Amino acid sequence: MGLRNRFTTGENERAQQTVFGVRKETVEGIAWSLPYLAVFSVFLIWPALKGFYMSLHNWDPFVPSESEFIGLENYIELFNDPVFWDAMKGTIYFVALSVPLLVLLGLGLALGVNKNVKGKTVLRAIYFSPYILTVAVVTLIWSEVYSEGYGLINYYLGFVMSDPPGWLTSTNLAMPALAFMTVWWLVGFNFVIFLAARQGVPERLYEAARLDGASTWRAFKDVTLPQMRNSILFVVIIQFILQFQVFAQPFVLTSGGPRGSTDTLVYYLYRSAFSQHQYGYGAAIGYVLVMILVVIALINFKVIGTND
Amino acid sequence: MGRVSIENVSKFYDGSSDGEGKIVAVDDVSFDIKDGEFLTIVGPSGSGKSTLLRMVAGLEDISEGQIRIGDRVVNNIQPQDRGVAMVFQNYALYPHMTVRDNMAYGLKLTSGLSNDEVQKRVEDAAEMMGIEGQLDKKPGSLSGGQQQRVATGRAIVRDPEVFLMDEPLSNLDAKLRAHMRTEIQRIHEDLGTTFIYVTHDQEEAMTMSDRVAILDQGNVQQIGTPDEVYNEPKNLFVADFVGSPAMNPFDVELEGTTLVGADFQYEISEEYAERVRERTSDGESLVLGIRPEDIYIADPSDRNAIEAFLDVLEPVGSDNYLYLDMAGIDECRVRVPGDVKPEENDSLTISFDEDDIHLFRKSDGRNILAEKREKQEVTA
Amino acid sequence: MGRVSIENVSKFYDGSSDGEGKIVAVDDVSFDIKDGEFLTIVGPSGSGKSTLLRMVAGLEDISEGQIRIGDRVVNNIQPQDRGVAMVFQNYALYPHMTVRDNMAYGLKLTSGLSNDEVQKRVEDAAEMMGIEGQLDKKPGSLSGGQQQRVATGRAIVRDPEVFLMDEPLSNLDAKLRAHMRTEIQRIHEDLGTTFIYVTHDQEEAMTMSDRVAILDQGNVQQIGTPDEVYNEPKNLFVADFVGSPAMNPFDVELEGTTLVGADFQYEISEEYAERVRERTSDGESLVLGIRPEDIYIADPSDRNAIEAFLDVLEPVGSDNYLYLDMAGIDECRVRVPGDVKPEENDSLTISFDEDDIHLFRKSDGRNILAEKREKQEVTA
Amino acid sequence: IGGGSSGYTISFWELFSGGEGPVMEDIVQKFNDEQPLDVDEEVTIDRQRTPWDQYYNNLYTTLAGGSGPDLAVMHAAYLRAWNKTIVPMDNYIDTGEIEGDYLDNHWDLVSVEGETRALPMDLHPVGMYYNKAIFEEAGLDPESPPTNWEEFKAAGDAIAEETDKWAFSQTPYNDGFGTWRTWSTFVKQQGGELFDSDWNPTFDGQAGQDTSELFWNMTGDMEWSPQTTEADWGANAFENGDLGMTMNGTWYVATLEESDIDWGFFKPTIAPNKTQDQVWTDGHTIVMPRSQDRDDKKSEIAAEVAHWLTTENPEWGARAGHLPAAADIRESEVFQNASFYDKTLSKYLEMAEEDMYFYHPKVPNGDPNSESWYQWLLDMWGHNYESSQEALNDGVSMVNKGLEE
Amino acid sequence: MTDATTEQTSRFDDVSLQSLGTHAVLYGVALLMAIPYLYTISRSFQPRRYLTDPQPYWIPPEITFDHYQYLLTESLFVQWTINTFVIAGGATIIILVIDSMIAFSLTRLDWPGQSIVMGVILASFMVPYYMNIVPLYTVVSDLGLVNSYLGVILPAVASPLGVFLLYQFFRDIPDEYEEAARLDGFSTFQIYYRIVLPLARPILASLALFMFVYNWNAFLWPLIVLSDEAAYTLPIGLVNLYQGNITTPGLHMAVTVLASLPLFIVYLFFQGEIVRAVQIQGTGTTG
């Protein structure tokens, strides 16, 4: 332990011991970070970088070192690939159906429950409960609800219309059906966030607004919304990110069908890499996905997060 | 017209989960606030101050009784139509609006004023509060004192008949609080409007108000000018609550013309004793109250000299506070000028004047002599 | 040995993001704390009080200079080995441990004491602090005052040579604060250990301490007994900081034997004038300081009577504070007894005694006469 | 990883579920108990099952990672495309000596480009299953099922018109690949070709167009089946007695044996304008995946194990319903005593003997069982296209894309 | 006066009508949301012949436990449950340990480069999980972790969410606790173990439950990494039962109920903690 010059200057630190001339706290700090950093680098950062590398190659899974470097060819091929564009369209359609509903329904329920209703805890428990189900269970349950011949919906629809539609087998209805199921599954997540955010708005602001003569609507517009802005921003961004990566619902329920109407980007990525063994191509789809999400996040920040 | 009448007003809350029935937050309170008066409602935490104020504001329903502002019964009138403006303890500024928008918001919504007129009034109020330079900032970037000014300015803009303020200064530090105190008084003087001001700080109440209403457990204990409540506290609660350090209370009984306490005896005049006897039964337990500043260091030979032992001396520059132990159980706080400095752990002799004595009935805490005076007034 | 020497100690922080270079939090400070002394470090926010204390504790590196505790230089000694114990503003009680564990934990870890001995010491300290009944509760279930006691108890248990306290009372309400003040004084008396106590409240500093060190911007402005700093403030900062309401400052110049201010003239004695002249150059700008309680209401015919106009009267029960406007620009605070009650918005005449005057050099704020006395002391 | 004095553990991946899974489980158990190989060391088979939806994905990725098993079940159709993942059996076993243990057509199945890439286990062709009760209800003779298109058409129409049941489902699973089995059978019977010699899809020729038109009509004007793409629609309907006929593989018996319906079977050589008797089949084989860590000795033992698995287990036919590859199994009692021998096995055997089977194409690239190759057929069945021709065009481009890889 | 009274009654009516409407909507939505559950549970007890009847039976005309019995005895359900438990539990424990360690290091210790590390961790939030699966698979495969518990657990552990939540919480723990502890002679480990962890218990509990639920439910990654049916987790196994060649709706419903049961029990007891973990994310992250 080296004797330190006792007239050191300019640091913000505590009285310190040293190990081989390095501050003990530095050694400790790094040591304590290491376990996570190791896992983090190997299983998150490294793959992220490697993915980009792979996307520039005609990846040979058997002898990766001999993969042919093809530059941006995977990306070029991607942009000329009709299946990719169908998957992209499907994804965007799914996001457009599910995200607004997820956000608005979550917000509506939260504002409703925040009111003086009886049985708040019961309501919260029910709204949130589907969120803890695995997607596999969700799809199993809903396949019984949606089934064309034996489904719950069509049985009752049968009383009012002669030929109820196949919810999962019609090219027009399949994606909305998946989106609706997803809203059922995930709306609780948004709901509890919005509820917490709403409860975090100080009641006194509403009292001030009442004294200022604000109507319920004005109070909502001028107090509630701005106060919940950060949470809304969070929820919108997170839902964009999550729903853009929709996979299991079409994978389990529709295999992307009928006629590709429920194909999505991640499902296509999965098929490209793990069923058609085009790893480089799959990695390229992944990178395109990141780009899209970054752009969406930026747009959201611009639109919702106008200041600070 | 900024006259406010509170007539037999009560407020009940549903007892919480334990189902213990109603909580009585305000209990059959009646008093009037004159036009232009600065009335302070003061009392310990939970005494119902905020509830009472919020009923005036219309933020809380009135369970019983009625409240008039000017000549209107306002029980069923919406808050924004009552002609009141309120300043909250934590200001309740809209954090996402600029100071200007905060101040203009209410006017824009409820008055038919043109935008220019609104801006004019906002700027006038801002100037009055000295926050012209802050108008385009967000509240979050202002200091506590500036926020307080904005909150007050927001109330001024609305040009109300009655200002309501609920502990508007309690988030500020001591120096700033003292400063804002005079500022608010100045505004009251300038505007000449009725102010109802809630605080738990008796010093604030005493220094700022025309009259003080002292609340405890939902009941008005006393209402009067600062002088009255200080010098003629109606009961032990008021006596203890007002003044700092608090009045010294000693348990005594009147025997002949002597007040006999645990550790001392105090001779009173025959007239005084007579007045006390008139209002009490024989041998009734009394409480003698004497303020720290009314006690002086006396000659041991004085008639009513009391032996005491100096435990701690606290200098506060201009004054010294003495903490005395009397012979047995009683303790006693004394305030003496800064140049009087007895030795700690020494004995000394103290006394006080008959005129400064306050005498309370032990059973109900009522001030015997104030009561009497009141009686006389009534008969007169 | 609980003597603490602070020798040319400085503390620099890296300037934050703006890269403005170093922040000097403590600037070449030197003083000694005697064994068993109660020394208070007082000053406005950001003056470096906490930093200085934390350097003594070892929680902060010493950038320059050295600190001794007893005879050891502690610069490179670990906090737990310095023989100090600290009480924090928010108590820093471990919320998940019982009071007992909170108090015992440090001892168990660092001392070789047996479990029984540790328990014994904990119980002794608890008894001393009157929290025997709370030992098995969690801090969260205690009142603020009790938590404060536990924090102090935890320090006592460690039996340190020096107690360090950083604003230990500032989270308590006024009444409790006053009470705990006397409590801490009692403990100091009982233990006889050195206490270094940090506060921003000059009243606390004045009432509790043997000596007070007044800090501003990392520099010691004055160090002395409460009496000294109150009666002989070394400079305008100290004069303004100590005492409440603060001293009244008036810009004056000495002309002959007259102190000429903007709104008044004050005749002083020849000797006094002589002393002033010795220490100042001709026509130098001076500041006359006079404490509110040293001003009295005088007869208009008095020699040094000053005309003033009563703006606001603030009664605080025992006293009245008068806010006066003088003829022109000067304002003036006066404290008079509670029974002196001039009418607001009336004229009156005030005066003060020559002996009560403090006189400062305008340019550097130094007290001219105190300086002189100091000089004399040194030569003596 | 095996070797050493303690013996060998041969890891073996398979994909069998439903009726087949337990049979394979028992066979492996038997091997481990009986130690039938003529070697000194103890040999243990370590069986790992992956459901078949995931099987080829996982097998491929694992093989690519270099950590594959010693033996794996593989459909014969993969033996060309996945060449680089496997070691030919010739390397470790004298194929000339064992060739005679297998039936000729099975041996053909595993011989690709001059190598014996696997040992054959079985063939699992498709046939037609029907519900006798519905036949009766429709006024048909349940004991004399259709033998040609006219009879088949008449039976289907009768069911569609006379009963409130559905007539026919192209595959009970209502998936693309299942539809392909039936569809390609029909195409071949009409003289169509599926691929040319360069592996370009040619199934959109006249036969392909006609068959597509027929399938289009079955869910259209003929009203033999609803226009649904709902998974397992046919399986549910057949089991519930709502469906008259469906086409499926040998393995279907295991499921049907457990259900309550009275079912029958007939040869699917009933396409219209039939020019030849052709029935789709593929076969399970056992391959030896490439591995860096496996020594020759172990590889030889693994080959022995594969040989044993494919030749010594008549249960594979008797219980799982397949046509075993081993030459003598067909004569074995176990096989002939299978409860459904008369119903299905004997007829499947006849078709084998008459050489009616054509193999699922062993494409040179891609995953020939992948759903994405055949999705268009299902969408055609469900009328998710404007016309059958549109679907067929789409099909050619999808298969082309799948072949690209 | 009369004016006032009418005003009062009308306002009263307004309020109660509105409140009635709110109640109706909220409970209506709740009922709609619960219907799939109720239907599923009911069907899991129905014999096959009612299940294939197009008419739904809400109350089973006849109750059978066959489906459950089959699952528990004839399928790998129990094995899958154990796998899931090991994976979700293992991931959760490792996450708690190493995330709290690094969060502690980043907030309570002072070392050069820590802000860069935190910056990288924050930035990694922008990496969509699924984007990484292809390269991640090759990494896991190179490490020989395919088809192993660790192959599922370690990538889950790499998620920055826990670090982020704990970082925020630890940062807000007053310095004084730590300083008091240093004066008491605590070592760094003791400060972490004796002070910071106990203080963070509520959030650790929330994080643990959230991570447990999250990893219990993970779908795509286990699907890719686990190839052995016997190594499957419940979500993957479930889908396989479904996609197997036998269609047995009763089984599906029963497996749905059984697979969700453990989580529902956890949910029933720790709803608050799980919800809080979500709420911290939503009101803390962007705030």
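Should a chain be cited, it is by its letter among A, B, C, D and E, assigned in written order, with residues numbered from 1 in that chain.
Definition applied: a residue touches a chain if its C-beta (ideal position, glycine included) is under 8 Å from a C-beta of that chain, and two chains touch if they have at least 3 such contacts.
Just so we're clear, the structure is a prediction, and the values are computed from it rather than from any experiment.
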Chains contacting each of subunit D and subunit E, listed by label = A
A count of C-beta pairs in contact puts on top the pair A-E
Specify the chain most distant from subunit B by Cα centroid.
-> D
Centroid distance [mean C-alpha coordinates] between subunit C and subunit B, Å = 29
Mind checking the centre-to-centre distance between subunit C and subunit E? Centres are C-alpha means, answer in whole Å.
-> 55
Between subunit B and subunit E, what's the gap in Å when you average each chain's C-alpha atoms?
-> 54
Compute the distance, rounded to whole Å, between the mean C-alpha positions of subunit C and subunit D.
-> 93
For subunit C, what residues touch not just one other chain but two or more?
-> 58-59, 78-79
Scan subunit D for residues touching two or more other chains and write them down.
-> 57, 61, 64-65, 236
Interface hub residues of subunit E, defined as touching at least two other chains = 52, 137-138, 182, 224, 243
Seen from subunit A, its contact residues with subunit D in the complex are 61-62, 83, 147-150, 166, 168-169, 171, 255-260, 271, 274-278
Sites on subunit D touched by subunit E in the complex | 13, 17-18, 48-51, 53-54, 57-59, 61-62, 64-65, 67, 173, 232, 235-236, 239-240, 251, 255
Within their complex, state which residues of subunit A touch subunit E.
-> 12-14, 23, 25-26, 28-33, 35-37, 39-40, 42-48, 50-51, 53-54, 61, 64, 109, 112-113, 115-119, 122-137, 139-145, 149-150, 152, 155, 158, 184, 189-190, 192-197, 200, 230-231, 233-235, 237-238, 241, 244-245, 247-248, 252, 266, 269-270, 273-274, 279, 282-283, 286-287, 289-290, 293-294, 297, 305
Quick one: which bits of subunit E touch subunit D in the complex? Just the residue numbers, please.
-> 52, 137-138, 141-142, 144, 146-147, 223-224, 227-230, 240, 243-247
Residue ranges of subunit B in contact with subunit A within the complex | 57-59, 78-81, 84-86, 88, 90, 92-97, 105-106, 109-110, 158
